[in-house]
Each structure stands twice: as structure tokens, then as C-alpha cells.
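Per-chain numbering from 1; labels A, B and C assigned in written order.
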Amino acid sequence: MKKYTNEHEWAELDGDIATVGLSDYAIKELGDITFVELPEMGQVAKKGESIAFIESVKAASDIYAPLSGEVVAVNSELDTAPELLNDDASQTWILKIKVSDSSEMDTLLDESEYKIFISAL
Amino acid sequence: MSATIFEKSHIGRGGIRLPKHQVQDAINLPKSLLREEKAKLPELSEFDVVRHFTNLSKKNYSIDSNFYPLGSCTMKYNPKVEERVANLDGFANLHPHHITNAKSNFIQGSLESLKILEDDLKEITGMDAFTLTPEAGAHGEMTGIMMIGAYHKKRGNKKRFVIVPDSSHGTNPASAAMVDFEVITVKSDKNGAMDVEAFKEAINDEVAAVMMTVPNTVGLFNPGIKEICDIAHSYDALMYYDGANLNAILGLIRPGDIGFDVVHLNLHKTFATPHGGGGPGSGPVGVKDKLIEFLPDLRVGYEKQKGYFIKEPSPYSIGKVSPFFGNYMISLRALVYMQTLGKEGMINVSRKAVLNANYILSKLKNYLDVPYDTFCMHECVLSAQSLYKQYHVSTLDIAKYLLDFGIHAPTIYFPLIVHEAIMIEPTETENIDTMDYFCQKVIDAVELAKNDPEAFKEFPKTLPISRADETKAARSLNIRWQED
Amino acid sequence: MPYTPHTKDDVQAMLAQIDIEDEQELFDSIPQELRAKQFELKDGLSEFEVYENFKELANKNETSKVCFLGGGYYDHIIPSAVDALSNRSEFYTAYTPYQAEASQGTLQALYEYQTLICELSGMEVTNASMYDGGTAMAEAALMAIRITKRDKIIIDIGVNPIYIKIVKTYLAYHDIKTVVMSLEDKLDSLLDANTAGYIFQNPNFFGSIEDFTSIIEALHVNKSLAIMSAYPIALGVLKTPGEMGADIYCADGQSLGNYLGFGGPSFGILATKQKYVRNLPGRIVGMTNDRDGKRAFVLTLQAREQHIRRARATSNICSNQNLMTLRATIFMSLLGKEGFAKLALQNYNNANYLLSELKKIENIKIFNRSPIFNEFVIETPLSGDEFLDKMSQRGFFAGLKLESLFENFEKRILVSVTEKRTKAQMDSFVSSIKEVL
């Protein structure tokens, strides 16, 4: 089950591996995505730290680690096809993190909480 | 036709005859030092080149041909006498290394012009000294922040932050970052001014400087400015004045009198030098006495015996930010403009710039949203938010519509704090007829948005291209011509 | 007031529209105590009076002597078409091409500029220009630091010392070690795991030409970047930064169709490899199409820049030296493939002719050990000042006094030659030197 951050990342946990992406709302706000700067494998980040970077024609934004841990995979398809995110953000993962504390998942918003959160923006 | 010059090339053509070669062809270099083949520059006759670039020029809007009400950019008329002066052989062909050789006798005229310019800028801003070496506004910002860094370093102050309002130009935080300061962004109040309460919360002992634009980027004067200066100074934070909007206050307010410590000016804006399609500019920086020792090198002095000369740099100087006197020939043009205006002319600039902006505001305020319902200074900020909500016609759509009527679009989507912002700066050099025409076209656009919003997708229709695909440009990057 | 068109009637009409009596009311928001304490400037003048004033100033500058002064700023030919075209007000008085539909002229010219610079330098990509050669070099150093995530920059002694000063100013506020090599230093002993980049110049500031290919290979083994400065005219014949494998090329563009103008405006070239394009600061123009499929040019990759990324931008630079790049574009287009190579050769031949003539004078020492391109260093028995003054009395700007820029360079003069110098001028220069020595 996907959970969300206030910064519009989603995370889905399978064992101790979290798959991370950006919400449809975030991608819509950014517009046509032109570039995703992916982290190096093995990079370690704490929850809330910047871990990647995304650019559109008119905007640029950090992607923050939704959970603490170590990067174990990146979606290198995005190097050549960043438009995948515009096609379907919820199905397009950006990176995977081996999480160090899976209880952090409880601090994230579930889908209905996130919907309320963005409706107030 | 938008064929590039490379597609017009034909082997064997040439656009120039070089002076007759009078010495022996002596090239005698090993192959390892030479390029393998000649650079693939295009081959065209002089006439081919002239026609190519003449036709390109016709695809531009420019201040000489079009109303250009770009907020924050001060696109005013550039008097032609500036060019006549800049073409004088004594200026155009003057070698800068006479400075290095310390042969001031060869450069007395230019040194004198720089001294006059510095003295005039001091009087205009109320500052104590200027450096004329920064080459653009952003370059001036960086120079100013470097001096602030040097000032705190010498005093042993531990400073890490620069405060900017959320309405600031992007160059402000970027310039602070160039000098390795962290940026604290303070939000604006409902009038678009930096919120004094929020500022009080943000300021601390580690703040090196507060960067402000006056009037601010929504075109309003911030009445709390003096209070902000006083609070900043109580933390030994210096006040930085971004001169982007100086046109509004020429002869009316002097940043130095209010309490600013560092000021950069955009001579290419306020003092009417041609923008050349995006540069060169000139961004001199003025400082108060306490910062003079940190100014970049190359300052002009005068003594009756010696004439004009280059001063010895202070041991605390931040060093060199440009090779010589920056974009000297731009600064020279600005000085020409200043001398044609004189005192009364300069006061008249700000009066008429503000009058023009308010005239436009008053004519459009019933048609677009007015985020700040008060008199503006030299530019007014309107918003198309209601139109967008009701009819899905955006600020961008209106901008593109105006292009079709010979009007360059105003600044759009800036400042960031106003949704669907349209920022209009007519400048003092536009007449009432042009402004009436502009206002009518904006009103027409608003009417069209209500009646036929779909029509906006097509604008502009009459320009060399319709709307360009910027997404494709960024995704499949093509930034140089290559033969297939 | 010739630049403000307001008649009394206009003003009355505008005040009525705004619904105020007097334009002063518009300034009511500004408290009296904040108003200017003084504003004492001279009275305005007619353009004719102003022109005469400046003519007088221009006459106090000296530009009439035969120029052998260079050091990065050269007295080159400027074809008439460069002035005629760049002075067209559609180019001259346009603003930054943010509205692509109304700026195709500027944008296409910039795209052509980018292409010409890539062809000339052998580099893969370039931006729409920086302020000047020195700030371009400083930005190149910052690029190398961003790309390698290392913190040490080594600068060769042969780099223009004025640029070195600018690089040092830019780097001083960051935690970066800047090492300027001496004549005796060897790169091997300075290169280490912290080295982000090595900056060198070819031909170097003293005019000498070298092949840096193997040095660049060594840098790459060390995962450091090679930042090369090169006089653009020389690239008409010399091995290019691209051919040598350089990662970043930076230079000043004055010599490409721009006036000396007391040092500015000129423009800075900054070019690199495709893989580093997102690390380039400044504007970049790209080709795309419009909604009807027609070819179109736009500013692209803007998300790197300050107006979007603010404090996280690749640089704070906003403008480019657009008018100067336009002049360079026209200049290179006029010269073309053959003309540009020939121009470079003329510079080389003239300088080498003068060098061979000066070598015949007994009490002149030549400093250069390697081949030279367009300039070289002589050492005379006279002090630098005495030499320059005596030669100026004979009608020459005889060169650059190197002791102003380097320690222990007394009596050494950098002599520069361009295609504009005739054989007669060079011969007269030689005979004048014989007289003064």
C-alpha cells in the first residue's frame, strides 16, 4: 500500500525495500518533466533529506527521502524517458531504498489523508 | 524560411578579403600542435551574410519597433547620441592594458569619464563610493555580497545567512549562494512587502545581510523599510539594495539616506543603454564608508599634479571581479544619457514613469484582478487568476495574444507570490497613445476570454512561429547545428 | 525633455483617469523623512553639447600609435558588415528572448553562435556566453568542483594572470584550495585525489604553444578535469581543446569582431562535453518546432538557471553578452572556413617574422623556448618603463610590461602582432628598437 509525504513522494514497502515515486499531483504541478537526477547506488539518506532532483520546462524541485535508508536501485529508464512520469506517476518508480527503520512508514500519510492534504493546498 | 547559416553555405564562397600577406609563410609546426582540419565555418559572400542577418533581425521585437512593457526590466528608449559617442575612436579602440602598463597618460579621457560617473552615482544614491567593474546586475549582487562577507570576516563576525524576501528576483538568492551564504526566505505580507514580524523572527546574529528591492518587486514602496534597516543593523547585518527598480525613485529617495550599506545599479535599465538581446549590461556597486576598503581593485583617483590615475588597491580589497572596468563602453553610454537628463530630467524620469504605470493600472483594474489595490510605483502587478479559474485562459495566453498586436508581452508569472501575475512597466518614454492602444488590447483579450476562450490556443498567429514546443527542446536537446 | 513625451494635456488626461489632482499624490506612500536629503547634479544638456564634451574626453585618450600591445586583447580587423548588422536596432534594442515567438532573430543567431564555437573549439556543447574570459574561467572552475565533488583547483603559470585573479576572487568564499603553479612547479607533484581540475592556456600568456594531450590523459587517470583556455583566433590553425581531450574550454571573445573598448564589453566563451551540459551556467538556446511543426528556437534547460532554481542554480548569472556574441557570429560567418584559417595563419606568420627579426638584435633576449603563435616575450637591457616610453615617442605601443603582473620579470615585455600589422610597421618597429637600445 502506498503512503505519502507532505513533499508529495510516495513509498511502498515490501520487506525492508521501499519503492519511491512522486504523486500524480506533484507531477501535474511541475508540468512536462524533462530530467530526473538520480542518486548513486549506495547513497544513504535520512528521512526528509534531499535524495534526487527533478526538472520540468518551467520548474525544478528536490525529491526527499520518504524513509531513512540506503539507495539500492534507481529507475534508469528515466534517464532517457522522463516523460514516463507524466504518463503515469503512480506506476513509475524513481528509486528504491533499503530502509533502516520501517516504523517510519507509520509517520507517512495514507491515501485518504494525502487527498485531504492536497485539497487544502 | 528559417534555414541556418550553415545550410546556406557553399564551398568556395567567402565574405572577406584579408589584407595582403606581406611576410613569408613561415608555418613550421609539428603536426601534434595543429588542428587536423579547418574549422567547419560556413562559406558565404558578404552579401549572403548581410541578407541572412538582416532577415533574422526582422524576426525580433525590439524597443525601437515595439512597446515592451516588461515589468522589472525598464525597457525605455535608448537615445541615439549614446551610439555616436561610443563610436568615437578614442573610446572604441582604447587598449585596456595601458592600465596594466600604468600608462595613465594614454587613458586620461576614459579615467575622467569613470570619475564623473562614480561621482554622479554617489550623488544619485547617497552612497560614499562605487566600483564600476561589475558587468551586470547579478554580477554586482555577487560583488556586493562578497564585500559584505569580507567586512564580517575582518570584524571576526560569524555569519552564515542572507535574508531575502519571497518576492525577490532569483538572482538574489543565487548571488548569495555564489558567496557561500545560506539563504533565509521571508514571506511577504498582504501588501507584498516583506512582513516585518516574520523578518523579526528570521533575523539572528548569524545573518550577514538583508537583500531588498525598493520599491519591491510588486511595484510598491515598503513603508517598513526604515524599521527593517534599523533592526538589521542592530544585529550587525548589512542592508543590500537591489537597484532593479531605481527608475521609480530617481531624485526622490536615495538608498544611502535610508540606511542601505550596499547598492547595485543596473545602468542598462535605469540609464537607458541598449539591451542587445540580453546583454551586455553594467552593474556598478556603491558602498558606505565602512565598506570602501573592501571594494574590488581598479578605482580612479584625481590629483591636480598627476591628473587621473588608478588608485593603489586596499589590502582588504576582495580582488578582481572583471578584467578591467567591466563593460566600460556600456557605462560610458549610461553617462551620456545621464548628462542629457541632468538633475531636472532625472527627477522627471521617476515622476513620469510612476504616472504612466498608474495610468495603465487605472485603466485595467476593472478588467483584471488587482492583488494590491493602491497606487503603484513605476510598475503595476495585475493577475489573470479569475479569468483562469472561470475560462481557463491564463496569463501566458494573454501574453501570446498581445504579441499578435505588435506588443511585447509584459513580465508574466513574476513575482512568484502572485498567481497568474502580469507585471507591466511602461517606463517614462512611452506616450499616452501607445498606452491607450496597449490597454485596449488587454481589454479586448479579456473580452475574448469570456466569449471564446478556445481561440487563445492559436495565438500568436502573425509572428514567424506559433507557440514553440519547449518540452521537446529540453527532452531532445539540439543546441548546435550538425549535418545529418 | 526629448525622451519623455508628455504634454500638459496628456498629463491632465492621465491625472483625470487616475482620479488625482497632482502627480505628487502618487508618492504619498513615501514618508517625508525618507525622501532624498540632497540631489545635486548638473543641468541637462542638448545631445550636441554632450557629444562635444565626450569628443573632448575621447581626444584625451591615446589610440593613434601602432599597436604591439596584446596580452589577451588584440587590435584585429573588424569588417564593416559586423557594425552594420549588429547595429540594427531590431537586434540592438531587443531584450532577452524570453518570448520566443517575438525573438526568433536573436535566438537563431545564438544557436548559430553556439554551433560556430563548437566547430572552432572541437567541443561538443556551449552556452550563449559569459561576461568575459576571466569570469568564464571562474565559472569553469566552479563547474569542475560541482562535477568532481572535489575541492582543489590547480592553475598553470601560463594562464592570463588577470583571469587568475578573477578565479581566486570567485573561489575565495568556498572551501576550495587554489594552487597557482610557479615556473618551476611540476603538475605531477601537485595532482592529488582532491584535484577537481587543472586550468591551463594554449598558447599560454607568453605566447608559447604546446600539446597538452598527454597531460590531459594524466588528469583523466586522476579523475580530474582539464580546463583549457585558448585564444579563439589561434584555433584557426592550432590543435583544439576538443582534439586534445579537454573537458571545459573557456576564453575571451573580444578578438572575434569586438572593439577593444578599454576592456569591455567583450564576452566569455564556455564550452564543454555533452555529458556536462547540465552543469553549464548561463543561457542555452535549443532548436525545436512550433505547434505547426515549423522549425523554432527557444531558450532551453532553463531549470538550471537562477530564475527557476534560485539559490540552487548553476550560477547567479542572468544576462549574456548577447550583442558581442552576435558580432562574433557575423565575424566568423564572414570569414568562413578558409578566411578564418587564413586569418590565423597571418597572425602566426607576422608574429614569427617579427620574432625572427628581433632575434637578430644582439642585446635582446627571447624568453620563449617553445614555438610561438601571435606573441612572445623579449627582454631588453632597459627597464620596462624606459623601453615603453622611448618606443611610444617613436609612435608605438610596444607591448605589455610583464613586471606589473609577475614577480622577477623586470625588463621583460610581451610583444603581440596581429594581421593588421604591415611589414613596413614591423620593420620600423625593429629599427626603432635598435635606436632605443
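The rule is short, and it goes like this: contacts are C-beta pairs under 8 Å (C-beta built on N, C-alpha and C of every residue); 3 or more make two chains touch, one makes a residue touch a chain.
Treat the numbers as computed from the prediction; the structure is a model and nothing was measured.
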{"item": "Most distant chain from chain B, judged by the mean position of its C-alpha atoms", "value": "A"}
{"item": "Chain occupying the middle, per Cα centroid", "value": "B"}
{"item": "Approximate Å spacing (C-alpha centroids) for the pair chain A, chain C", "value": "43"}
{"item": "Whole-Å gap between the CA centroids of chain A and chain B", "value": "37"}
{"item": "Cα-centroid distance, chain B relative to chain C, in whole angstrom", "value": "20"}
{"item": "Multi-chain contact residues (two or more partners), chain B", "value": "470, 474"}
{"item": "Chain C: positions in contact with at least two other chains", "value": "301, 303, 308-309, 312"}
{"item": "Interface hub residues of chain A, defined as touching at least two other chains", "value": "34-35, 55, 57"}
{"item": "Chain C-touching residues of chain A, taken from the complex the two chains share", "value": "34-35, 37, 55-60"}
{"item": "Complex interface listing, chain A residues touching chain B", "value": "32, 34-35, 55, 57, 82-83"}
{"item": "Residues of chain C defined as touching chain A within the complex", "value": "278, 301-304, 308-309, 312"}
{"item": "Residues of chain B defined as touching chain A within the complex", "value": "470-471, 474-475"}
